[in-house]
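Residue numbering begins at 1 within each chain, and the chains themselves are lettered A, B and C in the order written.
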């Protein structure tokens, strides 16, 4: 199992769990929970593969993605009380998914010969994509438009990954640093209320 | 005219009519009605063709789709009072569209060599897709997230179609059974208020 | 620099500026402004390229698009007070973007051998697409569903372009007439409150 695949599945799992928790909060039934888990878990990667022209998308070619998202949905349905007790769990799960998909989105875009700038942009799109699909379906303000440096964190993760790999680090090390950068910035921003400037 | 094409047009028509009725309820003008009819009628099939990589999508290659959706929009504009008098007509039309697209989505995905699981998933996506586009544009809670076993009905239709065809029934019979299964389950769920379990 | 590219960039700029102004109105921070500017500026063209199967989309192949959208976002962030003082600026910018993308969407679809009807439809989709993405993310009623003949103006621009070019006018003249037709109809409709008929 190569690393991009493992990171994709990890991102799918945590995004799907965030979708399940949001669905529970909205008091959707078990089918609605599965729908929102699968949409959040598979949405970002599907948007990435569509834009790269790699069709059908990975998430349809390999059933591991769907099973991972459904498992996360089931876990969310069964253990939501426990998960919710860990405060801010929804946004922390989302932050992890953002990191995984920002890095794998950037890596797969570079493999497809996009420029570095376009690859990092597509990393942001695939990182934010699953969450946007989730939030639109549930009619929430998309996290990516709220404060707390969401898109910047995704951009940072992609940039750290590219810089580390071009700087000679092993692929796995660079990817892990990238995920950590996105996740770390998001969690710190949530914890300390960091915000980007607003217009006067 | 092959069967998948006929079912596609039937699904386009009923989804477009559901879009037109929703647009009338929102008091959109005739152009908004046409936009919502076309979006609902063509959306699910376009999403399916994009994910299968069959581009440009059928709905752009063959003008029958657009004309069907516009005809449905015009009928919705002209006869909405009569249509609305048939109670629950909006959700019944939507249920028929869900059945047609769930089955043709599954069938076309199998033709494109997707696995059975992926084909049924894409059937659900193409069945639900047009309705999601319609509901998001009109800022309604997507039907697929409301109760009444929406996604399950689409899944059932795809599964019944695959089982019936693999079991040796003729393509047309299997497809009709699949559409009937989705439509029947949805209409019964609406009629009797069937709901999936909710988390405690 | 060919004309379609120039018109694409012009459309990207004005749509991105409309996104930035909407983001300022919603009191998003500078990152949210950049996200909404880029989504509005690149969304319509990406949807067009996805449906044409021209992947990765232009907006990822050529960094001029991203830089143009980010520049518009920065201008929106810095000068929103001045821009807002020009009344109705948001919808006027949107009208210009609609015209540019309706015409380039139609032109690129004809290049891809779509029929005239499908090409004009895809012109409407790519013209309206960026605005729909923008409005959905900001949770506004999409302009395309509001009154004031929005979709009709996009359709008119595509049709005028096709008629003028088939009638023997130079490509640049035909394209400019098409953009002018869309923009003119929209601005007149906004100014004089023109509306399409509504159902009784």
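Following the convention adopted for this analysis, a contact is a pair of C-beta atoms (placed from the backbone, for glycine too) under 8 Å apart; a residue touches a chain by one contact, two chains touch by 3 or more.
The model shown is predicted, which means the values in this text are computed figures rather than measured ones.
Novice: Among all the other chains, which ones are in touch with both subunit A and subunit B?
Specialist: C
Novice: Any idea if subunit A and subunit C meet via the same residues, over half in common, or different ones?
Specialist: different
Novice: Go ahead and note the Å separation of the Cα centroids belonging to subunit A and subunit C.
Specialist: Each chain's C-alpha centroid was found; their separation is 29 Å.
Novice: At which residue positions does subunit A touch at least two other chains?
Specialist: Residues 50, 53, 136, 139.
Novice: If we count contacts the way the header does, which residues on subunit C are in touch with subunit A in the complex?
Specialist: Within the complex, subunit C touches subunit A at residues 23-24, 26-36, 46, 50, 53, 55-57, 60-61, 63, 66, 77, 80, 136-139.
Novice: Under the touch definition given earlier, write down the residues of subunit B that touch subunit A in their complex.
Specialist: Interface residues on the subunit B side: 50-53, 109, 112, 114-115, 117-118, 121-122, 128, 132, 136, 139, 141-142, 144-147, 149-152, 195-199.
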